[in-house]
Amino acid sequence: MSNKVTQAVETGAPESVAESVARFQAVRRQTERLAAPLSAEDQTVQSMPDASPTKWHLAHTTWFFETFVLGPHAPGYRAFDPAFEYLFNSYYEAVGPRHPRPQRGLLSRPGVEEIMAYRRHVTDAMTDLLGRGAANVADLVKLGLHHEQQHQELILMDAKHMLSLNPLRPAYRAAPPQAVTSEAPPLAWSAFEGGLTEVGHDGQGFAFDNEGPRHRVWLDPFALASRPTSCAEYLAFIEDGGYRRPEFWLSAGWDCVTQRGWEAPLYWEMKDGRWHVFTLSGLRALQPSEPVCHVSAYEAAAFAKWAGKRLPREAEWEKGAAALQGTSEVWEWTASPYVAYPGYREPPGAIGEYNGKFMANQMVLRGGCSATPVDHIRTTYRNFFPPDARWMFGGIRLAEDLR
Amino acid sequence: MSNKVTQAVETGAPESVAESVARFQAVRRQTERLAAPLSAEDQTVQSMPDASPTKWHLAHTTWFFETFVLGPHAPGYRAFDPAFEYLFNSYYEAVGPRHPRPQRGLLSRPGVEEIMAYRRHVTDAMTDLLGRGAANVADLVKLGLHHEQQHQELILMDAKHMLSLNPLRPAYRAAPPQAVTSEAPPLAWSAFEGGLTEVGHDGQGFAFDNEGPRHRVWLDPFALASRPTSCAEYLAFIEDGGYRRPEFWLSAGWDCVTQRGWEAPLYWEMKDGRWHVFTLSGLRALQPSEPVCHVSAYEAAAFAKWAGKRLPREAEWEKGAAALQGTSEVWEWTASPYVAYPGYREPPGAIGEYNGKFMANQMVLRGGCSATPVDHIRTTYRNFFPPDARWMFGGIRLAEDLR
Amino acid sequence: MSNKVTQAVETGAPESVAESVARFQAVRRQTERLAAPLSAEDQTVQSMPDASPTKWHLAHTTWFFETFVLGPHAPGYRAFDPAFEYLFNSYYEAVGPRHPRPQRGLLSRPGVEEIMAYRRHVTDAMTDLLGRGAANVADLVKLGLHHEQQHQELILMDAKHMLSLNPLRPAYRAAPPQAVTSEAPPLAWSAFEGGLTEVGHDGQGFAFDNEGPRHRVWLDPFALASRPTSCAEYLAFIEDGGYRRPEFWLSAGWDCVTQRGWEAPLYWEMKDGRWHVFTLSGLRALQPSEPVCHVSAYEAAAFAKWAGKRLPREAEWEKGAAALQGTSEVWEWTASPYVAYPGYREPPGAIGEYNGKFMANQMVLRGGCSATPVDHIRTTYRNFFPPDARWMFGGIRLAEDLR
Amino acid sequence: MSNKVTQAVETGAPESVAESVARFQAVRRQTERLAAPLSAEDQTVQSMPDASPTKWHLAHTTWFFETFVLGPHAPGYRAFDPAFEYLFNSYYEAVGPRHPRPQRGLLSRPGVEEIMAYRRHVTDAMTDLLGRGAANVADLVKLGLHHEQQHQELILMDAKHMLSLNPLRPAYRAAPPQAVTSEAPPLAWSAFEGGLTEVGHDGQGFAFDNEGPRHRVWLDPFALASRPTSCAEYLAFIEDGGYRRPEFWLSAGWDCVTQRGWEAPLYWEMKDGRWHVFTLSGLRALQPSEPVCHVSAYEAAAFAKWAGKRLPREAEWEKGAAALQGTSEVWEWTASPYVAYPGYREPPGAIGEYNGKFMANQMVLRGGCSATPVDHIRTTYRNFFPPDARWMFGGIRLAEDLR
């Protein structure tokens, strides 16, 4: 992702019309750039109910602008195809019935070409609308762009999962030249005093509804690891029988281990006596120094318990964020279930279905990963997934109590 | 399908080398012609575990020649891609492990283009081999061509099912000009004396192993309907509460009715108060005069019971075949489970897995349908499907006892 | 089972009133004798949807007489509890809705004591009715008694299955003193000429509807083994890799092997390096000479194929029955799917749901077993179960073609 | 439960030997009193995987004392039956393998009588041990008694569920004489200032590990309803389309509504146009004034949203507890997922599996219900169930933000 896009989205300053058009087009173009290495066939397959076909992502992000911006706010706008309202609604009950999620992979039509035409149709209409000023939709457009950026990451997560199930082990892209680093930097600990503090978004600049309101919390003294857990460290857990010893696991996590046969993170695979990982560039040898990735919250918690530590609570993570070194390569599981902050209220209407209705049975991840658009990362950002999910880029940062 | 192909395959006379090459290429070409109207995305989707993606059919029929003919019999032949042996094996245990059937739709790669290259590679190598005479593989090639013809019909069955699940109701091809026939010809009955008779293939010309050996059976006097049951007749059954009255149904059939919510044949749908059917040319109004199609064996049996008749046993059907009028538009369910004829022996080796191992929990259908290559139809042909299957082109011909 | 019962039921001669009362009571008493070793808790448990709790069998056989005999034919009869019509209907659609089969084990009430009171209530009313002559219900009563005898065998099958799942391995009864026989008699073959012949019940004496009508069939020359396959013989199949070699199996059978982990007949278990079998008297060492039992039709067919033989067709079995030595210890799987004989018509009304509606996806077993009441065994008797069922007492008799 | 028991368990003062024996026996006797109205058959049935047969509860609570107290601490103690260690282990991985939970209902043996003998055997041995002082096991015994009290409530929950599935609608006990109260007291609100406060158990007297450590939390000003939500109030939600309007529901809750067909709380049933509830005394008319019960966390949250309020967080509930009127009739769902308090550490060994390992995908309920032993109720007590569970006695208390 180019720096230009990054800067354009991140600034809180008022934008000129030209800037807002440029920003809009840059995000749209980036989505298409991510889909480009995938064939029409690649873009059609749905590898599991939790994942979606690439072309569905291309269409759904377009549907968002058509449904929430163009339909209500662009006089005279004609829908590209009225059936798409049904086909590409993800979960908005208020918008009406929708195609069942597990059947997204049955839709050979519309094909990739038609979906690209749909994108052009909507991008053009949006460009037109934005070019006329359209201050009243500025917030909706910003939401739509952040929404599309979320799907940019989903495109990579879902494509990786789909390709991993193919015995041919196809690569999404060529392997980048890899810096040979035999070891991760030594693990250090940053201490934090805790006390009464404030967390959550303060309302300056864009944030999703679930990041606020800013509110007070009490924190006991704690420490955070200076970097995510490395594969070498996680391997020690595996080799110490981590996946065979129930004492480290939450009961629901142990059920996953035994029923799904977990023996290592997702995409790890033993070949010729050595661990390999499947990546977007195909299968390659595991690098001991790289952060462990594609672990569930259960694995993260079991590893932490084995290590005599714990996972950070999300308020701790947020307070520590300023001190954390480097940029995120992996999302970091917290010990916090995804619930509403005190005083949280869902926005009215269909847009209110964005975040609040998922506040059950999910855990918060913080940070961001190498697949996250840089300007989509915020200290207050609350990513969330069920604790058994592994196909997102989820890793581990340890915490401990200080007393 | 051109007459040329038909004649070429049907003749039992010895073929010249040129004829056998021409026949081979004609069948291969016909398969590709059937796939041509389908986009790359269409060819990738698997609509249910029982069905396969079009491109899988294109590859599997090719795999058959590569595995059973070229590999063992063409010196110096190089496999197009060694991984394809695993990917495109359907169910041949003797050939080795294989990609799980319900996951055929997860394979975005190889793409349609690569599979077409695979086809060309194998077609060329086969052409070469056949061009050199290769009398020793003549029987295997014939089997491979009949196998490919079976998959030609499957391509249409499976594509129809896949398209039917798409809310856009896409058509595979343009609708043919339709002769307006408001009524089917009146139903007549052909009487047969029965007695001790012989059925099964006599070994002259090609037949699948399961069609023989020819053997004696005793038949009591019976009669067969002069034509398949029409939609108008079936509609009378529906309107008389056929799908709500358990007294007409086998117990396992009634379970299907209640658990799957059957209310009419597959692809029938009520729209604006009138019955429509989804066809390869899209949705159109039901024609009362057309044969009812896409019924399960359970529905066929329930209809027959409601009508005070029964389904024919397969020996009756075969004896009556000579007298039956017209060509088949629908496969006709019989009352006969698919079992071995007396004296049947499976061929040795992997080829022996072709028919014999499926002789459990299936019912025989006889005849052929509009999707069956004309030269693939034989009076002794035994098609078979589980009694609850509806996506093949299965219809009804009534029978009754005479005394 | 006492000789007295046997004689009473078997005779085709007209019975006196006293005889018919005695016969009725004897069958009812025998059912209760079979349940007696089981505790109230034992009688309540349903081990799988296919099996029923003992007390359900006690009640359902009683329901049969109440619903089909007393209700319509005993003026002034008062139902014991009107709710029982719903609770203890097995599958008679014509009688009305019923308690779902898989939930029979959820019914702690009525308790065993109340069900025994229900039995007494109905037995008394029936005794009364029979004592008054009641010639018009003679056929229904006979059917009810044969129905109850079927359930006597089911009580033992189902109790055995339920006890087998208990890690305590409880016994239903003490082990009988066992004749030590180290080897089965040598296997001989009885040859039969075949030809045009008649099979099926001729209408003299009681038979279920599905045993007729008697009809002609053509049989090629064949031979039948002189005794059922022994455990020693079946063990040779196991030790030759029978459960690891797909070439012996029907495709659907091989699916069972791999998906359910079959490695031996049901109730076989390796302990301290030796095969044991769970029996109604608990776990004991396998006797090589005893007939192999608790195999599915798939295992029977695979064994036969491994042995270079086949299973008999039911007409062959019936023609050979006169020559077969000894009484049956195990039901014998045939190669014949359970379908209607030519000319078969279901009786009208609810009684017509007895046999005909199950004519799909089942295979015929012939003979009888040690749990079958002796006077319930007939040469024309057609027992039937799905080909994957193993909890009935099913064994193997080999056949072969002669030419 | 008698006052005597209540007092005995609740006091934190040092007990005499006689007192500790009396307390032990009183709790054990109470469990048996709760089982007494249930027949042997009732005590055997398992109505769903989440529930257990009564006799399993009787045995498991006994297993606890045998495994954790008598085995390690009573020299010369002989296990009643070594197989019971396997049969009656609930989920303690450290103790070893165990009988699968969903198969508890398959165990007809040991029967109720044998389990009562097991209870006597262990109660006698414990009485003996306690009579000798045995100060070293005092904490374990206390834990065992609180564990048994938890199962006393489970016995009632599970028996109610089991009886509710029986079409006969049997009652566990006679209906108590019912005070006719046509209306609940008017709903009032208690305001709380919030601020920095402490919650959690302070270590004085018995508490489960998960109730501590006591720790600081910040609370914004809030108010709590003066009483649980009544059936009349909940009915208004239903009648306003509560179960048909997705806007009130968490996404996972709405899935339950649509997939499980929820239309009212568990055990509510419309009969002759009026709502009834199934109770331990059978089916009776709904009382508008009684607290709504047997709702899931999803229903509680949806009701609160419909009412324009919210559920209390558990710290709010705990701070408000002193002010709450009356004793609890229903457990009250909170908005708090069940997670570890800051500084929480699981105890070492098998006992450590008691609470901590379930800290995933569950919500906290606070208070107690009419089935909870009075001396088992504590302000800091954290009950927990998955948000879709309804068979426990869960109700609703509303909260709201003050600002």
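Observations
Residue numbering begins at 1 within each chain, and the chains themselves are lettered A, B, C and D in the order written.
What we mean here is this: a contact is a pair of C-beta atoms (placed from the backbone, for glycine too) under 8 Å apart; a residue touches a chain by one contact, two chains touch by 3 or more.
It should be emphasised that the depicted structure is a prediction, and the values quoted were computed from it without experimental measurement.
For the self-contact between chain C and chain D, the two sides draw on mostly identical residue numbers; the shared fraction is above half. For the pair chain B and chain C, the distance between C-alpha centroids works out to 38 Å. Inter-chain spacing, taken between the CA centroids of chain C and chain D, is 46 Å. Chain C has its Cα centroid 59 Å from the Cα centroid of chain A. Shown for chain B are the residues in touch with two or more other chains, of which there are none. Inter-chain contacts, as defined above, occur between A-B, A-D, B-C, C-D. For chain D in complex with chain C, the residues that touch the partner chain are 38-45, 47, 55, 83, 86-87, 99, 103, 105-112, 162-163, 165-168, 170. Residues of chain A that touch chain D in their complex: 91, 93-94, 196, 215-218, 220, 246-247, 249-254, 297-298, 313, 335-337, 339-340, 342-343, 352, 357-361, 387, 401, 403.
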